[in-house]
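Structures incoming, each one as structure tokens.
Presented sequentially are two complexes of chain A, the first with chain B as partner and the second with chain C.
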Partner chain A sequence: MYKRYHIETSPVELSTTKIGKFEIIRNDSCLNCGRCMTHCIYDVHKRDSDDPRIMSDPVNHLCKNCFSCIQNCPYQALEMIKNKEFEKLGNTYWTPQIIHTIWNEAEEGKIPIFGAGYRGPFRGSGFDDIWTDMSEIVRPTRDGIHGREYIATSVDLGRKLPWISDFAKLDLTNSYEIQIPMLLDTSPLGLNSRGIILPIIKAAHKLGTLAFLDIENYFDELKPYLKSIALRCSLDKITHLDRAPWREANFIEIALPQKYSISELERVLKKLKSENQTALISLGLTNPSLSAGIFKQFKEARADILNFYADNHGQSFEGNIFICESTRKLQLDLVKERMRDEVTILGKGGIAAAEHVPKIIICGADAAVLDLSLLVAAGCRVCKVCKIDDCPVELEKLDPEIAEQRIINMICAWRDQLLEILSAMGIRDVRRLRGEKGRAIFHEEIERESFEFIFKENGPVK
Partner chain B sequence: MILDSSLEVKLYTKESVELPNILKDRLPRIQFISQPESIDDIQEMFSYSIKNKLSIIPRGAATYGMGGIAPLRRSIMADLTHLNRILDFDEKKKTIYFEAGLRWWDLKNFLKNYSLDLYTYPTSLFSTVGGWLSTGGYGVNSFRYGHISNLVDSIEIVAPQKKKRINRQDREFKYFMETEGQMGIISKVKLRIREAKPSKPYLVFFNKASEAAGFLSEVSKSLKTPPVHISFFDRHRLEHKNLLLNGKVSFPKMEGILVVFEDLSSQEAFLSLVERKKGILAENYLTAFLWNERYFPFSIKHFHPSILGCETILPIENLDHYIRKTRKFGKNYGIPLSTEATLISGNEAVVFTIFPSDPKKLIHFVHLFLTYSLTHIASKCGGKPYGIGTWNLPLLKKKFSDKDTKEYLRLKKELDPLNLLNPAKSFSPDWRIAYFLKMAYSMSALFSNGNPFFKPFLKILSANLEKHKRSLLDPEACANCGACIAVCPAYFTNRSEIVTAKGKLFLLKRLLNGSSIPEPVAENIFLCLHCHLCEYVCQSKLKLMPVWDKLEAIAEKISGRPEEKIDEFIKKVESHPAYTKLLDSLSNSSNNNHQEIKNV
Partner chain C sequence: MKSVEIRNCNSRFHKNIGKYTVSLKDSCFHCGLCVEICPYCVFDRIDGFNHVSTPNSAGCLGPDCKEGPYYCTTKCPVDAIKIELDPQWKTLGDFRWTPDLIITTWQQAETGEIPRGNLEYRIGASGGGFDVFDFTIDDVTAISSEEIDNIITSDKISTSICLNRRGEGPSIEIPVPWYGAGMSFGSISLPSILARAHSAKAWKTFTSTGEGGYPDELIPYSNHVITQIATGLFGVSEETIKRTPIIEFKYAQGAKPGLGGHLLGDKNTPGVAKMRETVPWNSLFSPFPFHSVYSVEDHKKHIDWVKTINPDALISVKVSTPSDVDMVAVGSYYAGANIIHLDGGYGGTGAAPEIAKKNIAMPIEYAITKVHKFLLEEGVREEIVLLASGGIRTAFDIAKSIVLGADGAIIGTSDLIALGCVRCGNCESGRGCPRGIATTDPELEKQIDPSWGAQRIINLYASWQKQLKLLLYKLGLKDIKELRGRTDFLKHIDEK
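Then we have the complex of A and B:
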């Protein structure tokens, strides 16, 4: 029976993520009149549960900065300041705002609201350099993103043959459909605690997608979820290809070190293919420019997927190129070689917000791999230096079920936002968004186009 | 609404100056408190009282202090503060028509929304309009605008035999002013109002009272555009104010004169007069503080359990003489006297001389007696009594001439032949009380010159009065001014003063004296939003919030914590229209950045 894809969310609160952007201070002149309470639609103000005659301290993390309470207070007893705790969160890429947004999404599974308007800036670096075009706002949004007109978010991993020349020689490799253009990664920041791995894999299982797992972290408890695991191993460490779980895996990724021999890669791929004929094989790359040897592997139909790794700030490990740029370059190279459909492109690293997913897809990726954002959903504060035994939120001790639900909630919120964007673009299938450069404006490009003729003599505009 | 518990009756008869318990217990009983909300209610009350042979004591906010609401017959008390609707408001003609139980504070707040203001108002801003018309009439800005009756266009009165509208021009009009409700209950008032104007106060210091008095008489006559308000504070009165300041700044040991202008065209003439008279202008801070203190005439209560005094209307030229005499008198008997005078014309001033006392001590009786002696001194200086009430019954003849009295009596017979309204006061004095007070008054004359026989005796008795420092939980500090009632959220929902700060301090006093309070009354103690407003407006500047915590702890032992009642109260108060109105007016005044009536 047909069943529409649906993500089950349920609100999960976490005491450690209650750090609001603002701090409302109720001073001594409060009359306890309750006006702030009647004007606040976010439940920031409440009466004390023990003594309802008195207002309790404002629940700051719920505040959306609408100033309604402050304006309506008859005695000017409320004031608002920026929360210092909030400003300390994260770093320059994983900004406090990004972390806070993910927390909200993970808690409620709903699209977050930013109160009091957006004051800018309207461009930035990285993902913020891309503006998406959402001009067709009218048509498909008629009854909302979950309305009658279904918008598909599923994508296919694996190759699509340009034509079938010989049915007898038809490759056994299937393409594999995942329900959302997002894959999960179990080892962000190199953490390998089971308390983190298990919820991520279970979430991927429930969401109908895959989760990457380094082979050294595999344990028997994961066996029921093997179909939802993308096993990963570095090329120089790969062994026992004739044994479980290699032989049963659906998806295998070989992470290529900075220096490797193509012949070794060929040998491993051949062996893998002979032991496990149905698995999709992915190559994990740190260098965005493809060597001829890699192209050959895809041409010879040994590998199906290309996963490009960037660091947590979206910068490539080699060459310091931002993930969007490198993905666009890959896309172009593959189109030039006329083999774009024979390769699936994934992008990993620096995917920190819902809008990053459609943006990287527009740049040419089929799907995005989420890593650090999953930890943030579970409560991580992206400290400057991560000390797992001195974690302020005790991630290791987190209840796996809470972590799982929060990850699911966040992904549901991201998918809903993806749906909003697709519907506003008038696109009904996320597959069609791939490489749709025309759906976005790249700020740097447009600046160059507009002003180059003026500054040409003085050199290129950066 | 009817309030009939004995506690409520006791509370509602409290005035700012209280009788000693021995006398109080001898007074006839008040049967119950009636809270009429319409003329019909008043008339119904009249017919009930005729049927049951009860008198009626009209009461506003009970801030008078002269025994105006002391029950001298078996009676009903009419709490008129719920007769408080604004009926008509003419922004162009600048008149406002309202029911007389309205508080001046509410009226001022209402007018503020339209950038309008009152010409004059009492320092006890939380008293009712009807109350002030019936008892006093001189207050802030009285120098420029005179008695409040000059600004009333018309009043409506309800008497047992008649309901009547009386214009200011009518011959009868004056018989309803300052007659303590004996002629009829003032039910409606049409008052003239004006545009709000900023005021500019000056405080001038003088070394000697005689210099100050000289300056007073000149400043009140010589300026082309006269000031609106002039008052005199002697050095001891200013010392009281020092107690309220933080110690970093203080008033010097000098006599002070506060002159307030609204029109600055004579400012230069005024300043040169100050220079000529060798006055010293005070710093802005002190001036502004003292001007704000006009709303807190009883702030001294914070430091003493009871304040006694005498209030008279005195010719300005005799002020210096009066002050010298009272100072000598105070020195003789060891009582720290202080004097404040507010000019009501170029010739006269309302003079208020006060001293601290303690009703728990025996000396209190002697002190009560000494207030009469002070009145003697004042009348020797040409003073007339300001109010009569019960205390000043012996001075009746000084206030009303024989001719007036005859006219009053004729009118009284016409309006209230059965003498229901506030009986046994000035127009139908009870002979026993009158004789007793008269005797006391004449005896007190012996003291006024410093009787050598009593002098040392009294000095010893009052020796430790000045050092009295109050403890946290002294309910005596309440001045019974009723300011807290106007702002109390619990009062809006409950309508009985027993739930307000005034009522709760009254209950606390009983509890501390060892008597118990019934359960439902104890439950009411919890009906408090802890909004602090009572503290902000408190005339005695009491730190009330910690007191409520302690009182609740005591009440919890009696009745337990009435959770359901509290929830119901909160629901009710949050949506109560009168409370909403109060919050709106607070928010208006705080936005306009001149939040008046707030303790500094």
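Then we have the complex of A and C:
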């Protein structure tokens, strides 16, 4: 029977993520009159359960910053300050707000919805320099009664042949359909503990997508999930190609070091193909600037997928280009060379929020690879230095089922938000979003188009 | 024109929030000198008491006061007054609505005067769009306070705009270049709606029903209430269409473009459900788009339909800001619209996905120029009224929209700020707004008295009109209509 793709969510709370943005301080002027309690509709203020004559300390993580208690207090006994614990989360890219949003998505599995308008900066760098488009007149995407029409989020990994010249020489490689344009990665921070690998792989399995796993972290309990694993090894370390699990893997990624020899790559790929004829082969690249020549070499070596690695801030390891820009350029180059469909493009690194997925796809990727965000879903705070033994949230000891469900919840929320973006555009298939630069508004272009005439005599736009 | 009555209208809270905290050290011997010298009522001594009351910090101007004759800290004989930056200040507001903007909007709602002191009341801190534009005027030019009074009270400078430029149909002129945006019964409370309607009537401008029906309590204000027809058609009937001077077709909303409308179940109380002819406590989704409109021809058919019911009404078409918004605007013009209402991506909402507010469709600043230019090229600009909304927070935002090419603006969030909103953003679910503004909870909504609220909005509008008149004067203009498209008056804020 036909079944619609559906992600099963269930709310999972995690005590380590109960960090409110604000802290309410009750000073000595408090008379314990309880007026704050009547004005707070979020249960921040309560009487002490042992001694009801006094007010207990405010439950800060429930506070929603409405100032009702503060402004209604007859004795000016309450004050709100920013919570330092909250401000300490993450870094300049993985901002406290981004981490907080992921935590909420991982807890609820729902799209974040709030009242009042947008509250952030006009624009930012990287992903925040792009707005996605909408269409005023489209086929209905949301019906008042019947909900929403089906929008496909599945994408194909693998090459599509431009034409078939000889059926006898047809490649055995199949293209592989994943249900969401998101792949998971098990080693975002070098945090290769089994405690976090297993939940990520199981989540990928349930979600109908793939999880990347470095071969040295492979262990036998993972065997039932091998179909959902993309096995990865660096080109200079790859050995034992004739053994399981290389022979049984569905999907293999060869990470290319900064310097590598193309003949060595050809040799390894040939060997891989002879041992495992159906596996899709991906190349992991740190340098996003590819010439048409190199690309042709990859194609001849029969790589199906190119996965571009960037760091956790979305900057490429070589050349320091932001992942959006490099992907846009790559997309244009490949289209120009008429080779775009002969390879799948993935982008990994810096995918930190739901909107980054459609945006990287608009820039030209077929799908995004999530890494650090999965750890954040499991409760990670993105500390400056990650020490597995000294983790403030004890990620290693986290119940694997909780971690798995929180990852699934977050991805469900991200997929639902992708649907919002697609439906606003009137697009019914995420495959059609790939490289659709015309369905996005880029800051630099629109600024020039709109304001150049304004500043013509008074100097350039900043 | 009889002038609008401006009355002082204080905050409804015990404690107000300000930028500074003023405290008295233990050394204070309660001489009361500070009570005498402070003109901003920070200090008070209740009759019959020896002690000076806890200072009302919100009134304090902070170091700005230093140059003046009232600086209490140096005058205090025992040096007992301490003025510090309030750490709480940082918890208020956001990039678009900075604490300065929120507080100064409250001040204007209280007094009806242009804010004094050093708080920034013209722009936010979003780092783009309106917030990086400045007018090319020399602010140093000394204008005496009497001269200012003359300018802002006289009728020599006009801020009025006409809402029908087609040369047929009724002529409607509003004395200020803005009216109120659609906010439905359901997203905000009835007292808030009445406060807005009352102020619209006082200012002879308009407010809009939004997509939530037309409560009977609004009928006394019907000459100043726009009936909105949105995709869910909630609460739209022949009577409400007949009753109104302007009909607004809402195709999309800037905060959630292309996603229809949302009213989460918690807020769909029996009263709201009755007005919308729906089942209480169920989440309501307006579809997107109008299921009967897939072309400009269909749109024309829609307009013909309401024109048959109410031939005298002006037609406004509210669209959000996709990259082809210019085409949509021209299409609407040919379908017979009098007003094109552009709602930018950073606009307000009762409930919307965060991803939509931030990412979908462009900010209003870009859309205004785009549409204005295109309408000019098409040769129809002088026959249509272009109004902008979605992130218009201050009188200066309105002026900048007009400079970019709009005729006027449409105001939503600022009205709510005048009623005491802190933009905490929790209006979408549960009992709604804890401050009683955007709620349908019968207990919470009692916090707003409609006549108090109306006066607050009236005062805010008064201050805005004064600012616009003063700005026009400084630019050497006599009429707000002369400002349209004068981009030569704008510069980048960093430019000297």
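Observations, loosely collected:
Keep in mind that, in the parts below, the second predicted complex is superposed on the first by the 364 of 462 C-alpha atoms of A that agree within 3 Å, B and C clash if a C-alpha of one lies under 4 Å from a C-alpha of the other, contacts with A are read in each partner's own complex, and residues count from 1 in each chain.
Methods note: a contact is a pair of C-beta atoms (placed from the backbone, for glycine too) under 8 Å apart; a residue touches a chain by one contact, two chains touch by 3 or more.
Just so we're clear, the structure is a prediction, and the values are computed from it rather than from any experiment.
Partner contacting the larger number of chain A residues, of chain B and chain C: C.
Judged by the touch definition given at the top, the superposed model places A:Ala279 against neither chain B nor chain C. In the superposed model, A:Cys324 lies in contact with neither chain B nor chain C. Of the two partner chains placed by superposition, A:Ile19 touches none, neither chain B nor chain C. In the superposition on chain A, A:Cys33 makes contact with chain B only, not with chain C. By the touch criterion defined above, A:Ala310 reaches neither chain B nor chain C. Within the superposed three-chain model, A:Ile54 lies in touch with chain B and out of touch with chain C [touch as defined at top]. In the superposed pair of complexes, A:Gln76 makes contact with chain B and with chain C alike. In the superposition on chain A, the residues of chain A contacting both chain B and chain C are 29, 72-76. Residue ranges on chain B touching chain A, taken from their complex, read 489, 526, 528-533, 566-567, 569-570, 574, 579, 583-584, 586-587, 590.
Those residues of chain A that touch chain B in the complex are listed here as 28-35, 38, 47, 52-54, 72-76. By the touch criterion stated above, chain A contacts chain C in their complex at residues 22, 29, 39-42, 64-68, 70-76, 79-82, 101, 111-123, 130-144, 147, 354-355, 359, 417, 420-421, 423-426, 438, 441, 446-447, 449-451, 453-455, 457-459, 461-462. Interface residues of chain C, counted against chain A in their complex, comprise 11, 13-17, 54, 87-88, 90-92, 94-97, 125-129, 131-132, 136, 187, 231-232, 251-252, 255, 257-260, 262, 264, 284-289, 291, 293-295, 319-320, 322-325, 328, 345-363, 365-366, 369-370, 390-391, 413, 421-435, 438, 444, 487-488, 490-492, 494-495.
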